[in-house]
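Shared between the two complexes below is chain A, which has chain B as its partner in the first and chain C in the second.
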Partner chain A sequence: MKKMKFAKIIFIIFALFPFYLSAETAEEQGLRIAKASYENGRGFTDMVSDQLMILIDPKGNEVTREVSGKTLENLDPNDGDKSLTYFKTPKDVEGTVMLSHTHISDDDDQWLYLPALGRVKRISSSNKSGAFMGSEVAFEDFSGTDYRKYEWKFLGEEMENNETFYKLESYPNYENSGYSKRISLIDNLNRTYKVDFYDRKGELLKTLYLEDYVLYKDKIWMANTLKVENIQNKNITIFKWLNRELDVGINKKDFEKSSILRLAD
Partner chain B sequence: MLKKYIISFLFVFLQYLVASQNAAAIDYKAYGFIQPEITTFFNGDGRHDQSNSNQSIFVKGTFITYLNNGDQKITINTTGRIDEKDSERSYIDFQKFKYEQYFDDITLKIGNELIFWGVNESFNIVDIINQSNLAEDISGTKKFGQPMISLNYNHSYGNFDLFIMPFFKERIFPGRNGRPRLALEVDKSTVAYESSLKKNKIDAAVRYSTVYDDYDIGIAHFYGNNRSPELNVNPLSQKLDAYYPILSQTSLDIQSTKGAWLYKLETLTAKNGEERHFGIAGGTEYTIYGLRETTSDLGIIVEYTFDDRNDFAFNNEGVLALRWTKNDIKSTSLLAGLVADMSGSSNRFFAEFEQRIRDDLKVFIDMSINGEIDADDFTYTFEEDSQLTLKIAKYF
Partner chain C sequence: MNLEDRIEIFGKILVNHRIKVILGSLLIIFTISFGMKFLETPSGYRGFVEEDFKYYKDVLDLEEKYGNIDVLTFVVKPEKGNIFQKDVLSLIHELTEISWQTPYSSRVSSITNHQYTTVDGDDISISDFVDDVDSLSTNEISNLYNAAVLEDAVVNFVMSESGKIGLVNINLEMPEDIAFQEPISFAWEQKNYFEERYEDIFVGVAGSAQFSHNFQSTSESDASKMYPSFLLLIIILTYILLRSVVASIISLIVIILSILPSLGAAGWLGFEVQPPLITAPIIILTISLTHAIHMLSIGLTNMTEGMTKNDAIIESLKINFIPIFLTSFTTAAGIAGINFGDIPAYSEMANTVVIGAGIGFILSVTMLPAMFSLLPINARKRKSYVLEVLKNLGELIYKFKERFVIVITAICIAVFSLLPNLHFDDYFSTYFDRVPEWLEVKNTVDPEFGSSFYIFSDMQSNEPDGITSPEYLKKLDEFESWLLTQPEVADVSTISDVIKTLHKNMNGGLNEYYAIPDNKALIAQYLLLYEFSVPYGMDLKNQMTADKSDSRILIRTNNSTSMESVAFNARVDEWVNENISPFSTNGVAGIPIMMPQLFVENTRGLVIGLLISFTFIIMVVGISLQSFRYGIISIVPNIIPFILGFGLLTLATDMVTAAHQFAVLISIGLVVDATIHFLSKYKKALAINLPPREAIQYCFRFVGYPIIVASICLFSGFLFLTQSMFYYNFIIGGMCALIIMIALLIDLLLLPALLLIFGKKV
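So, the complex of A and B:
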């Protein structure tokens, strides 16, 4: 009799077990998907690319900006990547170099070389919401790709263009963000398809579309086109990566402050 | 003479380097700009009967190429000006004309170079390597290239630099028709030096710099001809005689970057000829990002400099400035502020506006208005030189 009771309890526990599994909260589920999506783009070691930025105003006027960049993946999972950006156009900024050491919880370290001044300046990186080169892309859109910079929540599944996406809500947990929240759609390969950004007042500010996904090294998905549509001012920014190469063997020391002068004019 | 030989040797060497490359593989960057400028002065003719207007053309050209998979680099950076009124302001200079060789942790550099030390926006008292061109800009921020051989060692503890600098260049002052200019002309025929080697003295400097957390730190020592001469009135010629003492200067510069606050400090102690002096300059810069929910930023800059030499021009000066950056497609920005002599009554207001008006055109408007200046202040001679300058740069 007693044995029977014990078996029953075991049975009940086992019966309940799947329920416990599915009892992952919306926050946990959101975090799990965001983490998987982030890790989808990891393992590149280092990266070089040319980038085009096309700025389009509501009247359809277009200007193009060219930069080229290098990125070094930080193998320490608790610290951010390092990147070097070289500006080619507009012509008056040609020769400008920016070095950035990103961090997960602290402010990034940033240095700028300006040809007109001929000096390397350490600059503040607390300008999270500022516009990158007059575009609709904010600095935090580049530096804030790590899932640990946000609190996450799974909202459910959503159909768009005959495809099912996970719908996640995220709130920045760093200071000075220009956003109150973001809503992301992520596909079943854990690739982000679309992000809606809400401003500090909670109104929809802009929508980011990630396009032209390419599979690198048979495991890393990277979007080679980003399109940002500002809903409020109707400007559009298109960001394209050209000639992207991964794992090219860049020297770590290229990402030190003193190495900026090797690129400088 | 020797300098000419070395320059022609450099030319031949560079030609050899370039020729030794596979012609198709040479990858280079070349760009520059030409910038006409018009200046008008508010107070009519100057204190020294200079004209109430001036026109000028400034040019800058840059050429960079990397050879042998980036192990070697050649940089040529030329600036020049043709000035309508002041012949001293017309010049051509190879600010950079250098060959660099990169080894693993070591960089070897030979040729003309511009080296900037310091962190401040306005008073860069530790910046000593390059000679100033005061005819180009009376505040001394425009520099000439300095010939050098330099070694940089990049260690995990920081960067060690060694500079060996032959070919001293004398300071260039505004000429008789320059505006602003000094009250008296600097006599080029009476230049004297403390060093018996005069301008052939080989100057040297070392610097250690590192980044530690939020701090960017530099410690340096310079030994050589002072870039800044003593100017003494010659009662016979009624001109200024320039005397270049030997300077032995030890300096420290630190910037701390704490969020939107930057804290800056430059300090030095130096033996200039027989006398030792001390200088300190620093301040803060705070930036308000996204001013009133726009994309604009507003930076507030407060800086101060002190020097314990009573006869030194900038021994007790302060700056309060605002920098507005619109962060728009045209890169519109405005820097405006006040420079004040804290121990006298002289002060100056300045404003610098810039905006890109086309992808290859940029317009600059600079204004400088002098307040009342004490008659015993060395800037008294500039009192009537309040001016407005319009510059348009065409980029190539």
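So, the complex of A and C:
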């Protein structure tokens, strides 16, 4: 009798074994995909590019702003990248330089060199969730690409344009975010295809489309066009990366506050 | 065959086919009434203007560039002291956070999330003005006032200058054709929740969103509160006047059945249930009631005099058909004049009443006789004291006819001299003064902030990035300074305030730098910096265009009358014409500009409408009496009630609002009814060769009682409208009731005297 019972238990354990193997929770699965997607774009060491920002209002009027930028990858897993942005147009802001040190858990550090003032100003602001330069994009949309800033959840697979995507939900785990959640579609190469942003009251605010993916160095996928459609105010913002080059060997010192004045000229 | 014979044949057909007539009418009535389900919920103040109204288009243009102008505001006021107390700030902080959850909200601003800049050399730190209330000492909290009062964006926008009131402003981005119901319900939940938690702090809901929602809520509360009690009033009134249960039931059925298809037709026509439309059923019901009473009381009298039921009602039809037709016609003609005005909600109300008057007429001469014939009615003899009084009155007037004319003329002249005290004007902000919650908020906000309303101006530099030029900003500043000298303006906020603050903060926070720098590049760079450091929902998109060519000026207004606002608007245009070049602007726009302009245009239209309606009515009276002389005589008793009515109005106010004007058009067609009845009877009496003295008695005997009864019905109906929560309905009700009562007195006292002196056999 006893043996029978033991065998039964063994049988049940074996029968359930395949389930144990796949018993990754939706949160774990979400985090795994998000991490893979994030790491898809990592390993570039440093990067230079020119960028166009095109603002389109509901009537179709367009405004284009040009900047160029340098980014330094931070290999420290507990800290964010550093970046330099040079503003080119409109003419009045030409020569303005912005240096950002992003952080995973703390507020970002930001310095701005204003040529007309001839000084570098350090801006500390605990809350930069607003859209910048009249665009539909907020700072947190950029600095927030790091998967560690969110809680993730795998929602399932979804078909769109005859392609199957992983559907992930993420919630910001930092204060002052403008969003209550985001829903991302990620393709089977772990490239983010689309992100829906929900505002604080849980309504769809805008949709980000990542387009023109290019494979750099045979391993890094980067989207060279970002299109943000604001659902509520019907404005569209398009970011285009031109002449993107990776691993060009930029001097790390360029990304220090003391270098801004030198680099500005 | 003359008309009377035709009516008699018509009456006989009705009586013989009474079942078919009743069923046929019901079928048609219910088919039309089905349209009621298409009646639209009111779209607030926007539904009060024509879509192509110039001053509304100005608002739409602004909204296309800078987003919706509608704001929902929480008003927070502690019972004692200013808002810089721990519990008050906690409340505002919490309310600000929860306000982001408001449906359709796009921005939230208050004293707690105001972006406060502190400067330490080249380190600029931007943070919420009040974040962690609990960590602040009592001393620190009370010191906050001194800092807050220096902030441009705070004073008069999220805090009153005295610090006694704090506001939480929620900008709403409403999709087209969506009512404010959801955000308002949300706001009221918060208000109730916070008021319960903090006993000594008042939390009110204000702003243009609440103003707009009041149109819907007063319609709803008026309908649900007024209709049942009005019906009760009508039941009582009908029974008192007819003294017959069955006759009362008939009249009730007929009058109610005349309302349903009117509202049905209103639905088919796509009308909105704005507060004015709420009055339509009451007016229709009252008018139909007078018809029913005329028909039934004469029918009942005929029965007591020994006629059979069918003969009694056919005879009543013969006597009443033409007068009921004429009075319905003149009533409709008067009210239709409202279409010359510029407020669609009133045109819709007027057209509904016109339809109702038509349906009321048809039912009174078809279904009502058919039902009278079908149902068991016992007429009881009743003594009439009224007839006795009227007989004596007739004698009195005959004896003293000249004195009656002289005394009444003297009164009219005396009252007429009061009329110059009146002028056309109104306060759009008083629309909802009869709603206690709104009035309480208004009385809290207005003394401290001027009013709850904003106006806007779009100033264009005419080139991309032009708003960063010092010339543009200085012009903006100049415009702002001029605006601040105007009594209609409480405060002004412009992008140049933002630049001045930035310039100060970039220069160590020194006050001497609170000015517009002379360097365009510098300004552009400041703005770039500013745009990189704003929190969610605080970007400048509602203040400037994406290409930075135009910016928006925000103006908080003081309460002004319509005429003051119109004059202010004209002064703005004049200043702009002379001073704004090389930049440009279309002047100012917003609710406090649009509503006053609407008032002016509407008044202009109504004056024309009144002239046309009145001429038309007098012509109809003259033609129906087939006499020029009687047409002229009829003018006198129809004008005097208005002179006396408006003369008496001077005791209460000096403003003739749009509501007073509507009241004239609504009552003109009703006032004329009694005159038609009286004159036609007098003419008939002379035609059968009665001497004038007997002719007057004849009139009193036959139409005196019905005139009194009809006037009492109308008076009660209109007086009932004064229960409305919508101020204009209140005025219309009161004014119409007053005019109808005066008209009754004039018809009984002056008209007979005039006829005795000037009336001739024709």
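As a working rule, the second predicted complex is superposed on the first by the 246 of 265 C-alpha atoms of A that agree within 3 Å, B and C clash if a C-alpha of one lies under 4 Å from a C-alpha of the other, contacts with A are read in each partner's own complex, and residues count from 1 in each chain.
To be clear about the criterion, a residue touches a chain if its C-beta (ideal position, glycine included) is under 8 Å from a C-beta of that chain, and two chains touch if they have at least 3 such contacts.
Quick caveat, the model's predicted, so the values are computed rather than measured.
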Notebook entry, point to check: Sharing chain A, do chain B and chain C clash or fit in the superposition?
Noted result: clash
Next item on the list: Could you look at A:63 and tell me whether it touches chain B, chain C, both or neither (first, second, both, neither)?
Entry: both
Check: Regarding the shared-chain residue A:98, is it in contact with chain B (first), chain C (second), both, or neither?
Finding: second
Next item on the list: State whether A:253 touches chain B only (first), chain C only (second), both chains, or neither.
Entry: first
Note to self: In the overlaid three-chain picture, which partner chain does A:107 touch, first (chain B) or second (chain C), both, or neither?
What the structure shows: first
Check: Looking at the overlay, what does A:55 touch: chain B (first), chain C (second), both, or neither?
Finding: both
Note to self: If we overlay the two complexes on their shared chain A, which of chain B and chain C does A:137 touch? Say first, second, both or neither.
What the structure shows: neither
Check: Which of the two partners, first being chain B and second being chain C, lies in contact with A:124: first, second, both, or neither?
Finding: both
Notebook entry, point to check: Who does A:228 touch here: chain B (first), chain C (second), both, or neither?
Noted result: neither
Next item on the list: Could you say whether A:208 touches chain B, chain C, both of them, or neither, answering first, second, both or neither?
Entry: neither
Next item on the list: Report the partner of chain A that touches more of its residues: chain B or chain C.
Entry: C
Notebook entry, point to check: Looking at 23-31, 383-391, 545-553 or 671-679, which bit of chain C clashes with chain B?
Noted result: 545-553
Next item on the list: Indicate the residue numbers of chain A shared between its chain B interface and its chain C interface, in ascending order.
Entry: 55, 57, 63, 90-93, 115, 117, 119-120, 122-124, 126-131, 134, 176, 178, 200
Notebook entry, point to check: Where on chain B does chain A make contact in their complex?
Noted result: 29, 31, 33, 62, 64, 73, 75, 77, 95-96, 100, 102, 105, 107, 114, 116, 118-119, 152, 154, 159, 209, 211, 214, 216, 255, 257, 259-262, 287, 289-290, 293, 295, 297, 327-331, 356, 359-360, 362, 393, 395-396
Notebook entry, point to check: Considering the complex alone, what residue numbers of chain C touch chain A?
Noted result: 64, 67, 100-103, 105-106, 122-128, 173, 464-465, 468, 506, 519-526, 528-529, 531-541, 544-548
Note to self: For a test of understanding, state which residues of chain A touch chain C in their complex under the given definition.
What the structure shows: 55, 57-59, 61, 63, 87, 90-93, 96, 98, 110, 112, 114-117, 119-134, 138-139, 176-178, 199-201, 203, 232-233, 235
Note to self: So in the complex, the part of chain A that touches chain B is made up of which residues?
What the structure shows: 55, 57, 63, 89-95, 107, 109, 115, 117-120, 122-124, 126-131, 134, 176, 178, 200, 253, 256-259, 262, 265
